[in-house]
Amino acid sequence: MVIEVRNVDKNFDTFKALNNLNLKIERGELVALLGPSGSGKTTLLRIISGLEFASAGSIFFDGQDAGTRHVGERRVGFVFQHYALFRHMTVFENVAFGLRVVPRARRLSNTDIKKRVLSLLSLVQLDRLSERYPTQLSGGQRQRVALARALAIEPLVLLLDEPFGALDAKVRKELRRWLRRLHDEMGLTSIFVTHDQEEALELADRVVVMNKGKIEQIGTPEEVYDQPATPFVYEFLGNVNRIDCTINDGKVHLWGVQVIAETQDGGKCPSGTVPGFAYIRPHDIDFVEKGTEHAVPAIVRHVAAAGPTARIEIQIEGIPNFIEADLSRKRYLELGYKIGQNVFVSARAARVFPASAAE
Amino acid sequence: MGRRILSSSIRTFSWRTPSVLPGFGITMGFTLVYLGLLVLLPLAALILKAAGFTWAEFWDVVTAPRALAAYRLSFGAAFIAAAINIVFGVLVAWVLTRYQFPFKRFLDGLVDLPFALPTAVAGIALAALFAPNGWIGSILLPMGIKVAYTPLGVVVALTFIGLPFVVRTVQPVLQDLDKEVEEAAASLGASRAATFRRVILPVILPAAVTGFALAFARAVGEYGSVIFIAGNLPMKSEIVPLLIVIKLEQFDYRGAAAIGTAMLFVAFVLLLIINLLQRWSRNRMGGM
Amino acid sequence: MRLRINPITETPAVKFTLLGIGLLYIALFLVLPVVAVFNEALRKGFGAYFVAISDPIALSAIKLTFITAAIAVPANLIFGVAASWAVAKFDFRGKSFLITLIDLPFSVSPVVSGLVYVLLFGAQGLVGPWLQAHDIQIVFAVPGIVLATIFVTFPFVARELIPLMQEQGTEEEEAARSLGADGWQTFFRVTLPNIKWGLLYGVLLCNARAMGEFGAVSVVSGKIRGLTNTMPLHVEILYNEYNMVAAFAVASLLASLALVTLVAKGLLEWRYGHELGVART
């Protein structure tokens, strides 16, 4: 199913939770809504599901306005953050619920309900626990019951609110892979909400980065990570150094020397000399020989070398905060830096925004 | 001998878990003495007095026609009142937790009035309201409904007394009910009525039944609020506690003790049932 | 357009029907009786009202009610604190049985609560002859009234404090002990500040019941005017004499006490709900 969000606003009293949002999700996509808490991602998911209604704008399912359809009529499978299992029902009855509340005329026979539920339970590998109650299950098992329950009504769209939020790291990884496979096999269109960038980047076909009720960027995981569109996306995704600089007619002066850096939208960059700030990923900091072009002197202040990459914090004269640099373990061992050592660094790549672009 | 003393001292040691806090001996001792003297000893006196009867005599007193009529009224009216309160109590609890309206906090507090209002005051107030010339009685009378000085009056008084129980047991359960669970039901296609019947009702049912049992237990022993509105005619509108008082006034102490013992036995059974219900309620609620 | 139907609320028609029935039920059973008490009391004006409540016999009933509460409430307060200290701060076998015993007076009919003292201390009672020989009168006298009142209000403070203190655990007391505080210091400086609102809550309910108890007191009192009549008993006597204005006037004082109790209770729940334990927020 193609889902379109058109000009959606959502106000809670005076608080603008969503501000003129537009988004199109293609059939068969697995999309992540990524953002910090309060960014409006859960509100958007709930509006798509029909659990909440937009203050303005509309939602289209396959080109049809879904606004007139009640949540129960949208064929949307919703998986709640805390699963919202019916604790007085067995696993079996939880999954069967959506089949039992269908009006009698369209309801499956008991045998067919049983067949469907059991096949779903075997799909989520819980067939042996069908007579248990939710309280007797582990977190990962509850999550799978919630999923099976949502799938029982044969939804066209699967919506998941922080689906792995309450699980521990190991279970989370397992379920992630499993969800991806399920999505592909069943040919669903799925949207999930998360505040965990790793989860979004690993699992989704496309990531929608949200902040303060607006969409900051929509793109594939590579796009949003490698070419963040806004300062917010830069800071939200991955580690990054933010360093003040000046922009002089499109030329960037960083830590006292002119560097080659892409400025954001050359055309929009104001003429004359303006203050700006540059983002440099830790792995784009290069340790170089003295005298190399654009290089500046720095002092090693802290080294954390456990793990596949070594993180080195360096201090550059005139820059108040320490700068993080990542080195491969091999390179780090070759260089053998110690705390207090004088080194020369340059930026392989940087992205510069005029100060006016900051919120 | 020495070995027995040793083993008993080990037993006292394991009777309670050791603690660095002081005062267990004195507070526990005081608790047991106070409880023993003021509650258990008098209750023992009741049973001892009733034990002055032979079993057959006891049975005759406890199952005399007048006593049987009183049980029928007390238990029957208490049951009807509790049944009224389970319906309206759930409804009031729902209204108080789910809807916003003016004076809500005030009305919520007022629900505890039957706990706070002395029963004699409740009794005369209800009698005045439901008397043939009272505000409500004068409306009901033309319809041929007589409340005051009839068994119906007993039901009214017991409904008043039992009102807070169901409300106060159901209210916290409704408050804790996860909104997401209702949304889940809606997203799976359940109508609002189906959601209530299949999802909300099963969750609040144990609490509602517990409230019913508490209201029933309270109503069976209730005295003050009933006697003013009941009419108190033997065999017709005489409740069990009143029968005990009458036997006392006739200096039939043993007869009073016998019926009192029967009532005490009923109270124990109800207490047991209520404890089981509360455990059921906790199991339903707990865990997640 | 059905654009704004929240999936988890009822339709307005259902909502207002439920609200209407609920409020009507509250009005019928809770508001009207209180209004009726004051209405009846003032039926013949304020003059008659003040005459009724300043009658010497009424005044002596008021006095006895206060005396009874002044003995019963502190007694059950001390018991409640001691019992909840023992039950909540220590682990021992038979704890839940002890809690059941403490709650027991709540399940006993008020009339039976009075009866047991008559059977213990009355002329035909277990220790009655001995008391008579020593010229001690308990039943049909003030001591009996106090004892019956203690019995019916027995669990109020304890049942408020036990869950509260159990919830608070023993860590703070253990910390105080480890810092060198003795038992009393631990109690007065650490425990008491933590339970004070819960304590007040229990005392409030205990006092309301102590002053308003009818059934138990009625059995042990003997109802001697001016001597063993508490306010609720005085209400009954006046009512049975068809002295309605006086009966309702005294009743209005008790109703006011109930309303004040409810307001104070509501304030405590509103202001200190989180310090009264889990169930009272």
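To keep things simple, chains are lettered A, B and C as they appear, and every chain counts its residues starting from 1.
Just so we're on the same page, contacts are C-beta pairs under 8 Å (C-beta built on N, C-alpha and C of every residue); 3 or more make two chains touch, one makes a residue touch a chain.
Quick caveat, the model's predicted, so the values are computed rather than measured.
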Max Cα-centre separation from subunit C goes to chain A
Of B-C and A-B, the pair joined by more C-beta contact pairs is B-C
Whole-angstrom distance, CA centroid of subunit A to CA centroid of subunit B, is 55
So, in whole Å, the Cα centroid of subunit B is separated from that of subunit C by 15
Residue ranges of subunit A touching at least 2 other chains are 50-51, 70-72
Note: subunit C residues in touch with at least two other chains are 7-8
Among all residues of subunit B, those touching at least two other chains are 183, 186-187
Within their complex, subunit B touches subunit C through residues 15-17, 19-24, 26-28, 30-31, 34-35, 38-43, 45-46, 48-49, 88, 91-92, 94-96, 98-99, 101, 105, 107-122, 124-126, 128-129, 134-136, 159-160, 163, 172, 179, 182-183, 186-187, 192, 195, 217, 220-224, 228, 240-242, 244-245, 248, 251, 253, 256-257, 260, 263-264, 267-268, 270-271, 275
Interface with subunit A, subunit B side, in the complex: residues 178, 180-181, 183-191, 194, 198-199, 202-203, 284, 286-288
Subunit A contacts subunit B in the complex at 49-51, 70-73, 76-78, 80-82, 84-89, 97-98, 100-102, 134-135, 149-150, 152-153
The answer for subunit C against subunit B in the complex is residues 7-11, 14-15, 18-19, 21-23, 25-26, 28-34, 36-37, 40, 79, 82-83, 85-87, 89-93, 98, 100-105, 107-112, 115-120, 122, 124-126, 147, 150-151, 154, 170, 173-174, 177-178, 182-183, 186-187, 205, 208, 211-215, 218-219, 231-233, 235-236, 239, 244, 247-248, 251, 254-255, 257-259, 261-263, 265-266, 270, 279
